[in-house]
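Letters A, B, C, D and E mark the chains as written, and numbering starts fresh at 1 in each.
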Amino acid sequence: MNELLIIIFAPLLGGVLAWALNVRGIRELLGVAGAAVPLAYLVKLYSELDASGQLSHSIDFAGFTFSFSLTHLTWVFAMIAGVVGLASTIAMVSTSRDGYEWLFALMSLTGAYGVFLSFDLLGFFIFWELMTVGSFMMVLKYSRSAGLKYFVLSVVGAFAMFLAIAKIYALSGSFAFPDVANAVYYAMGRGDLALVFGLFLVAFGVKAGMFPLHVWAPDAYSETNQSYTAMFSGVLSKTGVYGFILIYMLIGYRLMVEFGAFRSAPKFGYIIAFLGGLTIIVGGLLAALQEDIRKLFAYSSISQIGYILVAFGVGTSLSIEAGIYHAISHALFKGLFFLIVATIIYRTGKTTFADMGGLAEKMPFTFAMAFVAILSLAGIPPMAGFVSKWLIFEAVISQNLPILGGMVFFGSAIGFVYLIRFTYAVWFGQRPTDLDDTKDAPLPLAVAMAILAIPNIVFGIAPGLVVKELNKIFGGEIVTSPTLWELNLGFGRYNGLLILVWLIVGLLIAAVIYFLGAPVRKVPVTDTYQSGNPVTMEYNLTIRRNFFLPLKEALAFWLRISFDKLYRDIGAWVEDFAEVMRNYVYNGNVQSYAWYLALILLILAMWGV
Amino acid sequence: MVSLLKRSLAIISILVIGYWLAQGLAGVPFGEDKMLVGHYYLQHVKEQTGAVNAVTAVVVNYRGLDTLGEVTVLFIASTGVAALLWRKKRERTAKVGGSPVLTVGTKFLVPFVMLFGAYIFIHGHLTPGGGFPGGATIATAFLLLYMAFTIYEIPHKAFEKVEGLAGMGYVLVGLIGLAIGGYFLFDWIWQDWQWGVDNIGRLFSGGFIPIIYTIIGIKVGTELSGIVDNMLKEEVRE
Amino acid sequence: MNVPDISIYYFGAIALVLIGLYAALVKKNLLKILIGLSIMETGVNLLLISIGYVSGKSAPILSEGVGPTQAVDPIPQALVLTAIVIGVATTAMALSAVVLIYEKYRTLNVEEIRRLRG
Amino acid sequence: MNGQYASLLIALPLISAFFVPLIKELGRKAVMGYLVMITALQTAIAGWVANEVYSTGKPIIVIAGGWKPPVGINLYIGHFAALFVLIIAVISFFMAIFSFRAVNVEPVDKYAMLFLLLMLGATGMIATGDIFNLFVFMEITAISAYALTAYNKTGEAAEASMKYIVLGGIGSSFFLIGVALIYGATGTLNMAHLAQLAGAIDPTVAQVGLALIIFGLAVEAELFPLNAWAPDAYQAAPHPITVMFSAFVVKAGLYAIGRLLYLFQGAEGWSGLLRLLVILATLTVIVAELSALRQKDAKRMIAYSSIGQVGMIAFALALGTQAGVSAGVFHMVNHAIVKALLFLTVGYVGVALGGTAIENFQGLGKRMPLTALTITIGSLATVGIPLFNIFWSKIRILLAGVEAGYSWSVALILGASVVEAVYYFRLVHTMWFVEGGGRIRENFAIGVIAIFLAALIIVIGVYPNDVWTIVQKAGQDLFNVANYIKNVPLMGVGA
Amino acid sequence: MNVIGLIEYIIVALMVISAILAVEWRDLLAAAVGMAAVSLFASILFFMLQAPDVAMTEAAIGAALSGAIVIFAVKRTQRFETEEEEKPGWWVRW
């Protein structure tokens, strides 16, 4: 079954060819083909997968045996990578100019496919590294500091994972998941188990952007070709999420047995959930305070991942299914958001809120897409975002974990806050004079946005489609869905179609009132927000310029503790220590070098005597 | 002077190292017969190589590759010294020549010293001493000339060619051994042609040892005088 | 800590090696270090020969009087022949490097010859 | 042509080196052409020997002078030696071509002689089967390295050579004391014979002797505190010589450590020495990688990175398991190719733009695209990115490391390779994404060599199976002492 | 303690003393002579250890030539070891 290999390596092949034949027309064609082929194969394999439940293929290469397998779980994640990857590559047709970006974007897509489909730890690690390198080179092109920060953190994560894999390999003698699972269960000591869990937590936490390790995300997401960011935040962060599922699959059972539970959630799960909750809060708050549109969505992407981590942390099969569902919807609406940002930047060249405004008339199609994305992110009923968030709320509350529940609710509230900021500052209000002639999104970007918007709506209205797939992963009727449009959890029901009908009825009534009823007057819109204190230039709180300044001042104390500064200090300290040590050790004086020889002789003598 | 702390630290560390070495050497008692392969050599040196001086036989015949390496090392040294001290135009800067005793003595002595050097390496397989001391004696002869006369210079271009030829000669002897006897550095004169098998202890015996020692003697002589020549010349700044 | 009773030759050889090492560790002048190095090599050669010595036996020249069982071990002597010439070769190389250094740096003090560092 | 003709590997460079003074007058072009021809011939012979060894599977035992091993000296050209003699010959051939362009300091005939004898020394060290012969070949390599380091006759070159001489001299003296002790205890110098007698040696003598031998070789193989001479020597030597240093001179020292370490398995205090070597090797990796962080000169930076990788090889060899040794040998092969490429290209930039300071590398992507591309491939490979060759050997070493129980050192080495990734990507960023000067025409021959090496890196990276099988055989040859003793035709030498 | 043993002790003592002096003397020429003396005594010891070949080689090469080369090197550099006080931080310079 080497279709699996074709799925994995098609993007890389396309990327390399695109880089080699660096001709304007052919390059784009090859790139998009590279992203489309795996998606086509995934769809083709769906029927066989349904029949046999698992398609696996193994090759032995360079002395190791690599095995790949397509199960329901990996099929779902691979489909995310496929859809969002295809949309992002189509969008890149308009935004990327040279073969360099095609090569490394598609290399990271290959890495993502490889991570999802590999069935042994070594293959998993190799594709993980490939993905990191691909995405790193995309960021390095735009800015060195952001690139290096991203690379160092993700390589630290990758090497933590490698150490854990090496420890397991030393124990089990093979990399395949089944052997690993029972080796860890039967043979691993308690200390090693905790170490391996810690290392995996760090490794997947970095890639998913968990709270203490999220510092690379804002710079990396903003300092690269924006249409690639759709894939970057949509697909690559999902590999981190997939990693957490791996933790459950491989060492989860032993961890539960070894460390027991904490208020109905496994202890190790509670750690993940708590960190996920912190991620939601930190991501949300910082997103609200941003002035740059890309940074806002970067932080919001982090906080959405927090939701998934909380869902996984709770540990019941319902919560994990909710987490995966949210992963799907997050990939869709976050991908869509970054494509919208890409279009705005492509057309206006501006990235901060202060220079934007009133683009709704000029870019109607993009605004429609933005409207869909905003509804989905905020979790308004007809959209997929709502369904997944609702499932997570139900899962968390049903396990009566008040703290996590509180964090999740806070997250959706803060989410709403920064969304208002985005909608109003970019789409409505006065348009700066230089943006008068902005045209709507070019065709490739428009197609890409459409690809991501449609499933947002469809999965919102007909969640049964998704739930049917997710149930297959767990083998049981976790979330019963009598008809395509209904979900029934026993203690909560949702009917997508009914709500859509009511929404349309409401809209019609509003439209009638709007057109027939109150005469519409052109109201000069002025941004006034003084509430009594004197209007000074730097305190002029318009929707576009430091709208949340009071919030920032309120949080001033908390904002000082920033992990970003901590990591930068560690980096600077390491470099200073390296310089001092080097000047001490290699000080050029041949006599000191002779003393080193004498020192080694003394060590040999002492140890010998 | 270098501070007391550093000297005392040095002394302590070398004492510790010395103690450790001494402990190691205690396991190899002085004066005891520790030979294993040595006995084989002593028993078989006469009939296998024809040399009376076992050391020479071991140096040239049994462990010939070592000596080949050894000759290369000296060749590298002389080339290296020549490469480092190479200047476009160089001249001897000695201002005062030797005293009359030295100059007359040198004129008289040099041929005899060279003759004695030649004697040493020709009789290498019989009497103690071989290519290296012979060559060194010849080099001291040239050294004497350098000391005595301020303008004397060895013809270093010719000496380099002699070095090259001697080195090639040695390897050719080895290759002939490979061609005839099947092994590199194989003593075909003694083993195949059985020359001088009957008169062990006299000049024409010992296989190819005298030939190789003559080659080594000439090579070492020219190389060491080459080094002395390079050392004694300094750059001429126009 | 029993002081090992080694023969005077071993003691002499080790003493030379250690004095050579001492010179390299303490002396600031480059030439002095090289002299120390040469002394160390002489010491090692002496050690090699004294390991090969068998008391009461004669030189390995198997002329009429000396049979195969009365000779000292020839192998260390063969090795030392090579080692001496290697020692001279290293010393010659080192001295030409020192001459070059003096020409460029105008000093032999080890602490000033430090352009390549860090 | 029976096996004994493999001794041409030693005879050819020697006789051609001695021949150079005779053709000195024909001028620089003739001498350099002669050098290229000789190295090509050596590559052919090495290729023939390697083919012979790998096809028949039996090592070639070259018997010098016709005397069987413990009496005479033998050259043991097994799987490892055949592979590495070929690598030495090929890289010397490439460097001979590179010397055309890179070396224009005057006495070029002397350079050619020293070049050939450096190659001879390294080949001899790897092929020999006798510890004193190993000392002689080590001296040949060392002294020609001293001369070649100081070849540029600048103040720095002489200083670097002086440091190398002082440290190398002390190291080789103690090596000789070790050989003396081992000879005193066993009575023989042949490696196979020693392996048989290793168990019977008196414990303290074995411990002191083995420690001194490994100490002497460690100075040559650049373990942590003893490698202080290496960065200066790499930086000051002419560019082709630096490539030879990092590609095979260090490897010969490492091979010697590996070979002697596993020969003396029977001896006392063996496992203690192994642990000490692992600690030293880990320190080497960490200190070397950290020292390369804020380097102003690219060549010195790559020198530190090469020392770091050599430390990793030493770590692999000192693990004491078959997996570790095979991984170490695989890393030796990969490291030789990658570092040859890096030093070749950086050296060429030094020749073309005058000096290898990092500033010269700004905007290299536009100025010398081919060289910049090959440097990038080399850097990505060194860092250990999946699709390149060092990745495979690095993970094998680290897996073997954790398996052998040194997970702490593996963690530290991983940390060091994060540091390595940082300074290599800084170089890549300076080259591609910073504005630089005008375009410079690139030499064709050096470009072809660079492309060949880069292609080799990617081919091994993408499909490492064949190289891995070859390297596994070489690893067994190094680790499996029993069949080493079986292969060498030892004469029974009674007292 | 027979006579031969006594001579051995004397010569080894002389050798070690001349080695120490060779290292300690400030005048480099004297140091070179000291080194030659060490080599000479070593040659005598070799003779007593029944190794005539090595004794001759050591005498010819060790004493004569390496002594001569060092003297020529002293000629081209400086005669006396320069004396300067110990700067602080003697252990490490950078």
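In this text, contacts are C-beta pairs under 8 Å (C-beta built on N, C-alpha and C of every residue); 3 or more make two chains touch, one makes a residue touch a chain.
Fair warning: this is a prediction, and the values are worked out from it, not measured in the lab.
Without chain C, the rest of the assembly holds together as one piece through touching. Closest to the middle of the protein, by Cα centroid, lies chain D. Between B-E and A-C, more C-beta contact pairs join the chains of B-E.
Distance from the centre of chain D peaks at A, each centre being the average of the chain's Cα atoms. Among the other chains, A has the CA centre that is most remote from the centre of chain B. Inter-chain spacing, taken between the CA centroids of chain B and chain C, is 16 Å. In whole angstrom, the spacing between the mean C-alpha positions of chain A and chain E is 74. Chain E has its Cα centroid 36 Å from the Cα centroid of chain D. Our note on geometry: chain B versus chain D, Cα centroid distance of 30 Å, whole angstroms. Shared contact sites, meaning residues of chain A that touch two or more other chains, fall at 582-583, 586-590, 592, 594, 598-599, 601, 604, 608. Annotation for chain E: residues 51-54, 57, 61, 65, 69, 72-73, 76, 91, 93-94 touch two or more other chains. Shown for chain D are the residues in touch with two or more other chains, namely 132, 136, 139, 143, 146-147, 150, 153, 158, 162-163, 166, 170, 177, 181, 184, 189, 204, 207-208, 212, 231-232. Listed in rising order, the residues of chain D touching chain C in the complex are 132, 136, 139, 143, 146-147, 150, 153-156, 158-163, 165-166, 168-170, 172-173, 176-177, 179-181, 183-184, 189, 231-232, 235-236.
Note for the complex: chain E touches chain C at residues 8-9, 12, 15-16, 19-20, 22-23, 28, 31-32, 34-35, 38-39, 42, 45-46, 49-54, 57-58, 61-62, 65-66, 69-70, 72-74, 76-78, 81-82, 84, 87, 93-94. Across the complex, chain A is touched by residues 162-163, 166-167, 170-171, 174, 204, 207-208, 211-212, 215, 218-219, 225-226, 228-229, 231-232, 269, 272, 276, 287, 290-291, 293-294, 380, 385-387, 391-392, 395-396, 398-399, 401-403, 407, 410-411, 414-415, 417-419, 421-422, 425-426, 428-429, 432-433, 463-465, 468, 472 of chain D. The touching residues of chain C, when paired with chain E in their complex, are 8-9, 11-12, 15-16, 19-20, 22-23, 27-29, 31-32, 34-36, 38-39, 42, 45-46, 49-50, 52-53, 57-61, 72, 76-77, 80-81, 84-85, 87-88, 91-92, 95, 98-99, 102, 107-109, 111, 114, 117-118.
Interface residues of chain B, counted against chain A in their complex, comprise 10, 13-14, 16-17, 19-20, 23.
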